[in-house]
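These notes open a run of structures that come right after.
Two complexes follow with subunit A in common, the first pairing it with subunit B and the second with subunit C.
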Partner chain A sequence: MKIGIPRAFLYYKYHVLWETFFEELGIEYIVSPQTNKKMIAEGSVYSIDEACLPHKIFLGHVDYLIDKCDYIFVPRIATLGGTKDIVCSRFQAIYDIVRNTFRDRNIKILYYSIDILNKDTEFKAFLKMGKFLGKNKAQIIKAYYIAKQAEKTNKLLDLKEQEKNLESKKLKILVVAHPYNIYDAYIGKPIIKTLKEFDCIPILACCTDTKKAIQEAKIISHTLPWTFNKELVGAIGLYKDQVDGIILVSAFPCGPDALVNEMILRRLKDKPMITLILDGQEGTAGMETRIESFIDIIRIKEEKEHEKQM
Partner chain B sequence: MKKAYLGVDIGSISTKGIIIDENHHILASEYLWTEGNPMDAVKRLIHQLRNQLDNKKYKIVGVGTTGSARKLIGVILGANVVKNEITAHAIGTLSLYPDVRTIFEIGGQDSKIIIIEDGIVVDYAMNTLCAAGTGSFLSSQSRRLGLEVEDFGPLALKSKNPTNIAARCTVFAESDLVHKAQMGHKKEDIVAGLCKAVVTNYLNNVGKGKKIYSPIVFQGGVSKNIGVIKAFEEATGEKIIVDENSHLMGALGVAILSQTDQKEVDFNFDIEEIEFKTKGVECKRCANNCEIICVYKDGKLIDSWGNKCDRGAIKVRKEEKSR
Partner chain C sequence: MKNKCKISFPHIGNYNIAIELLMKLGLECEYVETPPITKKTLELGTKYSPDFVCTPFKYQLGGYIEAIEAGANTLIQIGGPCRLGYYGELHEQILKDLGYDIHFVNMADADFAKPITFYNEFKKINPKLNLKKVSTTLLLAVKVIDAIDKVEDYIRENVGFEKKDGEFEQVHKDFLMELKTIRNKKELKQTEKKYYSRLKNIEIEKPKKPLQVGFIGEYYTIMDPYSNHHMEKELAKKGIVIKRWMNITNSFFHAPEKQIKKSIKDYAKYDMGATSMYTIKCALDYAKEGLDGIIHVKSFGCTPEIDSMPVLQRISEDFKIPIIYFSFDSQTSDVGITTRIEAFYDMIMMRKEKKR
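Entry: the complex of A and B
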């Protein structure tokens, strides 16, 4: 049996957990390659036109994997804890959307479903998935804990790397974006590349201590419902004093981001900020102009302040 | 020989060029249409500037480019400074109006607002990738109404009762405009309504949440439209300054930047006789099929860009070898 994992959406958040879990259970898997133009085009054909760009990308990856594996891995997340917290409906719906969109192509889906409010925890979900894969309880529990440990170690390494970056003397720019946007080779990577070309250190908001960030988010807004956005908002609170500017990245037309980014722009006044909206454009000139001018202004401002102090 | 500096601002609609001396006095300037061919436009521009400049007295030692074709033209002119429009406009305007607090800029495709405090840019905003309410919108609407863009402003001033036009989105504005015209609204009222729509759209989108302090300087191609100036004055209740050279601010800014740059370049006006060519090559190394632009000077590859990854870069190098 071969599992196909789409390199999109939650992959960037959970890939260590998933990959280690399958490896520990001795299950073969493949991951779709980096997003490319063809995948976006295919994904757009399969999506309704109101769907967001990463959603289209996800379907593009599923399309790529069909016929290359036995099961396509599409987990579902409804709630992730907290009594009022929700995740974007895309993550609740994606399993059903994939099943129905590719109905005619004999698609078989491997899934797990997390809904903390209904007591469906990650542990329970993985246990169920493991049983479906024909493994016994002891094997599954062992694999799950090893995978959790691997996930934790990986996160710590990422955080350490980020800590090191934060000590840099170069201009540091906090990039506030969902992992599935900023790590995506086609839509997000060019932003990181451009920042580096302008001799800046990108600091990623999605790379943060989740618990601390969620706690911190309450200071900025105590009614914010989206778990993933909470993490990002909290990360701004944690990192903002250590960076020179903030770039808010959102994929068109992301509902949660549209509301949350606007709130951030209104409530945080002490740091230079810009918003970049990704829409799968081919040209990067618009993005480059915006980033270049943003960096220029921060540099000119800091130079002048430096002169004043002299 | 005295030193002089060339600044070129090459936008989607128009191409602006300026030559200044060391004290920022304008020695030559030119404004012409890009007509979708930046390379040809820049050659015509250089030709005009050459005729205006006293070649025996001045030598160009700095070249700066800005605007959406800045990269391409920067390579062709061998520029020592290639800068984005925001920085260029702010520096150009500040050299003439050191007290300016707010810069409105509406160009062919972009619109921006720049907020300045004590001579430093502290905040700015640019339109998102949508070109609603920019110059290209006004020019396409004027064509629809059978008018020259130049006549647009004076006609708008004649209106006593501007027609309300939905300003949020160009597509809606356009259908609204057709509808109003069919309903029998007077042309001057529609034109005045369009000017108002541009201003409303600008202040609500680009200027959203920004505190606007005077002095306000308005520039970019649309600042030549007296109808829009008047609509801005009505909306803000402030005097709007439009410099006679308002269209040249970007070029001026980048010329000044080329002066502050340590490097000096050896610029030659004969550039108009050199053959430049660009070629779009589709990289077939992965499914992205990046279109790579190669720039050739007299048949020799001088630069290339457009590749998303290094695989594309290798392809360009190979092509150079085969030549």
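Entry: the complex of A and C
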């Protein structure tokens, strides 16, 4: 049995957990390649026009995997806590979207469902999935804990690197974006590359101490319901004094970001900030120009302040 | 608070009549009715809203500003399961940034799992709250909503066939006016009785098998006639019976979650968020009943409704029932909508004739 993992959406948040889990159970898997133009085009054909760009990318990856594996891995998340710890409803719906969209192509889906509000924890979800894969309970539990450990270690390493970056004397820009946007080779990576080309250090908001960030987010906006957005908003609170500017990156037309970005712009006014909307259009010239002028403004401003102090 | 509390609530369909009763009789405060939604409401709302937020946010923001200008100083946001849950805090922030000195009661601060937290929110409006009065009025408000829904259901199925134009609309208007003046259950019953007999007395000419269309979609857009460009009226004018399950009474009190989930399990294994389950259930019911077509409405970018669309497409394939999709934003023009409805009408009409 071979499993196909779409390199999109939750992959970027959970890939260490998933990959280690499957490896420990001795299950073969493939991951779809980095997003390219063709995948976005294919995904757009299968998507409703108004669906967000990452949704189109996800379906593009699913389309790529069909016929290359036995099962396509499409997990779902409904809630990550109480009624105020929800996720964008797309993560709730993604299993049924894939099932209905590709119904005529007879795909088989491997999935799990996390719904903490209804007591479906991650552990339970993995246990169920492991059983479906034909493994016994002891094997599954062991694999899950090893995978959890790997996930933790990986996170710590990421945080260490981030801390090192924060100590840099170069201009530091906080990039606030969901992992599936900023780590995506086609839509997000060019932003990181551009920042580096202009001799800046990109600091990623999605790489942060989750618990601390969620606490911090409550101070900035107390009714914010989406956990993934809480992590980002909280990260702004935690990092903002250590960076020179903030870039809010959102995919068009992200539902939660539409509201949350507006709130951030209205509540945090002590740092230079711009918003970049990813729409999957070809060419990066527009984005580069905006980043360049943003950085120029920060540099001029900082020079002036420096002169004043002299 | 220093000033006297003048409370207001944005429009959604005709339901603010019930809110008005609750505020006036239950909480004993002054109520300022939000002026009716116009083009200006949407323009105002759009001007101060973020770019790709859903349209209900814009309608409500515009409504708040107009209510403040009409004298309100306390605004309510009820929140909800989707993006609605975050509307309140941002609405409040935008209004305060605009310089309005208002009191904003955000029900998103309350917790649905603990009803007592709602009581605490009400207490913020009137600290000398009488719990008994609030609960009896709350029950009355629920009954009023039920009455509104029932009357509107009847009108929806018959208004297309009235002999004299505008009769139903007149009765509907009078009914709503009178509802505002009721004080207790007894008066409500009398009002209902009176208007049912008036409704039944309207002469109609209904063919044996009229065209029937199901109306499904996102909570706000489907229930607020201005938001869906009075689509029901448009359809009725063509002599179509409109079926609409979605209203507050049905979605709150007649929606057994387990049963609904079971009935749609061939199409959706899980709840896809917000009202998508109801959308799918209704589409499936209407398809099975053999209606002539289904109209799906939503505001631009409504994630749960977008996600239910692949499911609706499968239902449409399986039951050979045409479904037309409408997405509304602040730019949508009446002409485009009328043209599409026209074409849809022609199509279902021809299909019906072919079947014969």
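Here, the second predicted complex is superposed on the first by the 308 of 310 C-alpha atoms of A that agree within 3 Å, B and C clash if a C-alpha of one lies under 4 Å from a C-alpha of the other, contacts with A are read in each partner's own complex, and residues count from 1 in each chain.
The definition used in the following text is that contacts are C-beta pairs under 8 Å (C-beta built on N, C-alpha and C of every residue); 3 or more make two chains touch, one makes a residue touch a chain.
No experiment lies behind these values; they were computed from the predicted model shown.
*Asks:* Once subunit A from each complex is brought into register, does subunit C clash with subunit B or fit beside it?
*Replies:* Aligned on subunit A, subunit B and subunit C fit with no clash.
*Asks:* State whether A:Asn36 touches subunit B only (first), subunit C only (second), both chains, or neither.
*Replies:* A:Asn36: touches subunit B, not subunit C.
*Asks:* In the superposed arrangement, does A:Ile297 touch subunit B (first), subunit C (second), both or neither?
*Replies:* Only subunit B is touched by A:Ile297; subunit C is not.
*Asks:* So, A:Asn136: does it touch subunit B (first), subunit C (second), both, or neither?
*Replies:* A:Asn136 sits against neither subunit B nor subunit C.
*Asks:* For A:Pro190 in the superposed arrangement: first (subunit B), second (subunit C), both or neither?
*Replies:* In the superposition, A:Pro190 touches subunit B alone.
*Asks:* Which of the two partners, first being subunit B and second being subunit C, lies in contact with A:Cys88: first, second, both, or neither?
*Replies:* A:Cys88: touches subunit C, not subunit B.
*Asks:* Does subunit A have more residues touched by subunit B or by subunit C?
*Replies:* Result: the larger residue contact count on subunit A belongs to C.
*Asks:* Quick check for you: in the superposed arrangement, does A:Pro225 touch first (subunit B), second (subunit C), both or neither?
*Replies:* Only subunit C is touched by A:Pro225; subunit B is not.
*Asks:* Scan A:Arg266 for contacts with subunit B and subunit C and give back first, second, both or neither.
*Replies:* both
*Asks:* Considering only C-alpha atoms, give the closest distance between subunit B and subunit C in the superposition, rounded to the nearest Å.
*Replies:* The answer is 6 Å, the least C-alpha separation in the overlay.
*Asks:* Do any residues of subunit A touch both subunit B and subunit C, and if so, which are they?
*Replies:* 266
*Asks:* Can you tell me which positions in subunit A touch subunit C when the two form their complex?
*Replies:* Residues 48, 50-52, 76, 78, 82-84, 86, 88-90, 92-93, 95-97, 99-101, 103, 113, 221-226, 252-256, 258-263, 266-267 of subunit A touch subunit C in their complex.
*Asks:* Can you check the complex and tell me which residues of subunit A touch subunit B?
*Replies:* So the residues of subunit A in touch with subunit B come to 36-39, 186, 190, 265-266, 272, 275, 277, 279, 281-282, 285-286, 289-290, 292-293, 296-297, 300-301, 304.
*Asks:* Name, in rising order, each residue of subunit B that touches subunit A in their complex.
*Replies:* That would be residues 68, 83-87, 120-124, 126, 128-129, 209, 286-289, 291, 308 of subunit B.
*Asks:* Which stretch or stretches of subunit C touch subunit A in the complex?
*Replies:* Its residues touching subunit A are 50-54, 57, 82-83, 85-90, 93-94, 97, 106, 108-109, 111-113, 267-274, 276, 300-304, 306-311, 313-314, 327.
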